[in-house]
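Per-chain residue numbering starts at 1, and chain names A, B, C and D are given in the order in which the chains are listed.
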Amino acid sequence: MTRANDEVLELYRLMSFSRIFDRVIGGHDGHWHGLEGEEAAAVGAYFGLRATDVLAPHYRGSPLASYIKGADLRRLIAGMMGKPTGYNKGKHRNDVCGPWDFRLIGLYSGSLGPPLSYAAGAALSMKLDGRDNVAVAVFGDGTSSRGDVHEAMNTSSVLKLPIVFVCQNNQIAISTPTQTGVGGEIYRRAEGFGMTGRAVDGNDVLAVRGAMDEAIAAARAGKGPSLIELRTFRVAGHFYSDTEDYRDRETVDAWRRKDPIAQFSRYLLENDICTSQELVEIDSRLEAEISEAFQAALADPPPDGRDIDVEAVYAK
Amino acid sequence: MTRANDEVLELYRLMSFSRIFDRVIGGHDGHWHGLEGEEAAAVGAYFGLRATDVLAPHYRGSPLASYIKGADLRRLIAGMMGKPTGYNKGKHRNDVCGPWDFRLIGLYSGSLGPPLSYAAGAALSMKLDGRDNVAVAVFGDGTSSRGDVHEAMNTSSVLKLPIVFVCQNNQIAISTPTQTGVGGEIYRRAEGFGMTGRAVDGNDVLAVRGAMDEAIAAARAGKGPSLIELRTFRVAGHFYSDTEDYRDRETVDAWRRKDPIAQFSRYLLENDICTSQELVEIDSRLEAEISEAFQAALADPPPDGRDIDVEAVYAK
Amino acid sequence: MRMTFAEACVAALAGEMRNDPNVFVMGEDVGAFGGPLKSTAGLFEEFGPRRVIDMPMAESAIVGLAVGAALDGKKPVVDLMFLEFLPLIMQQLVDAGAMHYYSGGVAKAPLVIRAKFGVGPFHGHAYDFHSWATHVPGVKVVAPANPTDAKGLLTAAVRDPNPVLFIEHMGLYHSMREEVEEGAFETPIGSAAIARAGDDVTLITYGAMVRRAKTFAEKLDADGVSAEVLDLRTLAPLDRETIVASVSKTGRAVILSEAIEPGGGHNTVAALIGSTCFSALKGPVQIVCPPPVPVPFHRALEKAYIPDDEAIRSALLGTGLSLRRRPAAQ
Amino acid sequence: MRMTFAEACVAALAGEMRNDPNVFVMGEDVGAFGGPLKSTAGLFEEFGPRRVIDMPMAESAIVGLAVGAALDGKKPVVDLMFLEFLPLIMQQLVDAGAMHYYSGGVAKAPLVIRAKFGVGPFHGHAYDFHSWATHVPGVKVVAPANPTDAKGLLTAAVRDPNPVLFIEHMGLYHSMREEVEEGAFETPIGSAAIARAGDDVTLITYGAMVRRAKTFAEKLDADGVSAEVLDLRTLAPLDRETIVASVSKTGRAVILSEAIEPGGGHNTVAALIGSTCFSALKGPVQIVCPPPVPVPFHRALEKAYIPDDEAIRSALLGTGLSLRRRPAAQ
């Protein structure tokens, strides 16, 4: 399948966005969970959904998912800072919980895993209505060990829901490598639930898009759920200021050499899809866009105590 | 592999025990979860463990498991009636929770699933000590949908624990057939966790024993966990007085014709392992044994209010 | 029409399902089987498998799917079977309760979770774990005590834009039949009811204990004591006004609960009274509840577990009331 | 030796692990990583991967395995990371708590679950869900307020033959250093401590709030009020005697909690006082706790969430105390 050049360039732009975003946010907040090395997987998984589709992204990369789904960058960053101008009005963290305004399902507590079922529930709703929407639910290799994954996959399979499960396998969970955290190959678990599963090079954004397109088309066509495992690597620390003394640098450096953005830039240039000058321009526009949004969010006023707004706990 | 005749006859005796036990208990308590049709699976799974091994049986067939593991029949039945002479002193139900005295892990609340991890924990303890014991953990096809199964299997796989998982697939959960409850084939889920899985004719007690022997030997030898799916059928109602208007009789009757006890009797006779007279004698001894234990348990005094023994909630 | 508690629940659901295409039912064995203890009897026949959905035995996912469908505009009603399974879905409850607040008011999760509990003719699965849910922000907890309230509160729960845990006492389930209004009506969530008016003491309770409290209160007349019975109906958020008004009037309170004492929701009621009605109180607030052990199995122990008349009587004495029992002729 | 709260926990574990080969540690990232917030720092280096076991991200199984190993005679200590993950393991807690009773006294499940909570320098995962666990029969809940008690209570928890939830306030974790006795010692579970003696009112609390209550009490001297501070230390089972004795003496009680009001364990304390100290009470028992919303994120809202001195002050007034603030010079 060949893709229009503007789509291909948009994929580049979004990956580059993520890298720059990481740097800006990480410089401000050492707790930030960066996406370095995993941009192809995340962009490939989140790109191209309809506004009416539902997306439960992995927590790492959630703001990127929100941005791709249409959220305003300034409000998003304000939401990450807990400002009342953010989507969550300062009450929660937009870094791990994207706005439902754009049909994102994030973490509504610290626990990873349960959102997979919430996404499946949205898919059930679509199916009950006969809409040709899909839900995409993304989880990490660490999260794959949670029973939530099992229950969401089995239930989606028997109900034949329009949902695509994506495992963003960056081969580590905090300090625990997949070797000691994950028994077997994640994509093969799909078979046991009666759905197709496949593993894809998660550092090749076009390969990811290809697999996603097929899985999403199948889901829209009523063929039920499937699982895609994106094999990539967490080049970033678990969080931005992570000292990472639990792993050796060699492996990380080896994966740095497989950097998905550098790889994709080469592909774009070698295939004459754009010039290096154009890439530089994309990047500098992104720098400007992100730093402008960041500065604006930073300048937004913080909440005061009354913004705790106890009445807001119940919907009216 | 050929088995000694006394072992083969013991398998017959235990299956027949279960059938008679069902009738006696079911006649007394309409809530009783009978095992008719699944005796080969249950006996095959529970037979032959060492006293030091740990067994977390499926709730359906738990008293049989306790009996096989050495529990006294009268105390067991008393425990099913909630008598203070029972293993649980009337505080809990021995029908779904076998005595830890014999290293059985049962249900300590109504929730099916969690005991799989408890069994894995016992296996971890064995492994830490370097003992060549095993844990056997059995669950139904309905229970296979719980996240507990996923977490216990994955964790056992990465820790390489000496545990054998057994799915007693009787093709239904209350009224929900596997077709609408279970996505995919259960035994194939093992692969996705990096362990071997196999499906076995659960109505053939020797086939079940063969598979169990191999899996147990592998676990004792430090080769880690595996999964065996026993394919059988719940000829019994969900409970003894179940009207079963949610399923059609034909399928049930078809399976009745594959009755594991009748099948095994034929095998014993055809291979001249015993005479039909001997089988009749086994059965009548069982009738006597069970009704004697039942009558004795029935005659045991019930608890009085003081037996609630509030102080006993904490171990000293 | 005369209905049992269980029938009243089904009537509420049928009514809401006819009125609102977004309402649907999901759970284990809710379809052709008719639901655990016939909790959904007839719904499958009327509404079919699209709106009465049998689910695999995966409680976290069942409630999880309900949360997601609710976010997307549906009004799912989950039959959890038993309140004993609440531990399996606490995370989903916490998340659902947080969604409206944490989303800055954008997301809503209007689901209902039905859960059976209580010592009764159905032997087992009796745990009363509702108190945990009262401690989850954003979640409502409702506990009807009779068929009329069962219908009215379940209707209100389905229409409520928040997650509601609706607990159904198995001791009430099929036991009493009562005239219940035809057609849809709501019993407002958050409002307690005076089940019996009285002046000397308030017996505060919920679910099956309401009946016991009323029967007991009748007998108290013979002791020269006029007892008010307050049926909480909603356990979270509490109807503070009605509680405070009643105890301010009577000056004495006994709270009857089927949950164990430490950490139980009855303490929230007692603490509220203690802090708000201090000057009106003529004697200490008493709680009557089971001892802190797992629900025991044998009927004799079940009986010792659930507070009996004797326990209520001594709690009344504990409030400082004197019970002037009249001669046996009474 | 001077130690932080976190170091005192590690010291307790190291001591018990040296003494008893059955003690081992399990959880996510407890090994080479050193545990969340360094909660197991150094144990992996001393005891190796056999006794400090990194686990997959599967909380139910982690606690489940601990239960099974405990049944088999081990003494596992689980690092759950955060108390926020309690909803994921409620079922295991219920089962473990029931085992001794339900087995007729044969089974024991001596495991410890460590869980961090509380608003503090570590932004997030602050939920104080401990109250649920106080409502689980057979489970003990422990909440130390300083390094010495952290060591003594964790030692006692490891030795206790029952499941113990051990909660660790992140606001205390690395912030204060205190002289802690060398060698193994136990702070008995089930016993509260008078953190400061006083006559006019009892401030009852646990964890990080103890420090706040003490500081506040010091300042109250200036108001002519002598406040006693009671550090509960064990939240289940409660030390009823110490609570009752203190409030019987002072006649007034304010309970400070970081859990939300409805369904919170503080109500159990308030109800106990209300029923037991009625005649000694000079004013209503007050509870000071966060509002019933999910823990909000922004620091300014966190601050509004956790009770501050102003809230404590008005609760004191609510007990009927008059605070005669002296001139500013004081």
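For this structure, a couple of remarks:
Assume a residue touches a chain if its C-beta (ideal position, glycine included) is under 8 Å from a C-beta of that chain, and two chains touch if they have at least 3 such contacts.
All values derive from a computational prediction rather than experimental measurement.
Drop chain C from the picture and the touching chains left over make up one piece. Interface comparison, B-C versus A-C: the pair with the greater number of contacting C-beta pairs is A-C. Rounded to whole angstrom, the centroid-to-centroid distance between chain A and chain B, based on C-alpha atoms, equals 44 Å. Rounded to whole angstrom, the centroid-to-centroid distance between chain B and chain C, based on C-alpha atoms, equals 36 Å.
Each chain gets a centre from the mean of its Cα atoms; for chain A and chain C, those two points are 41 Å apart.
Between the Cα centres of chain C and chain D there is a gap of 31 Å. Touching two or more other chains at once are residues 56, 58, 60-61, 87-88, 91, 94, 97-98, 101-102, 137-138, 292-294 of chain D.
Counting partners per residue, chain B has 88, 91-92, 108-109, 111, 145-148, 150-151, 154-155, 158, 180-182, 312-313 as the residues that reach two or more other chains. Judged by the touch criterion defined above, the protein chains are all mutually in contact, each touching every other. In the complex of the two chains, the chain A residues touching chain C come out as 54, 86-89, 91-92, 97, 99-101, 105, 108-109, 111, 114, 116-126, 128, 135, 147-148, 150-152, 154-155, 158-159, 312-316.
The residues of chain A lying in touch with chain D in their complex are 31, 81-83, 88, 90-93, 108-112, 142-143, 145-147, 173-176, 180-182, 245-246, 302-310, 312-313. Chain C meets chain B in the complex at residues 28-29, 31-33, 54, 56-61, 82, 84-85, 87-88, 123-125, 127, 291-294, 296-301, 303-305. Remark: chain A residues 145-151, 153-158, 180-186, 188-195 touch chain B in the complex.
Taken together, the chain D residues at the contact with chain B in this complex read 24, 50-51, 53, 55-56, 58, 60-74, 76, 91-92, 94-108, 110, 137-138, 140, 161-162.
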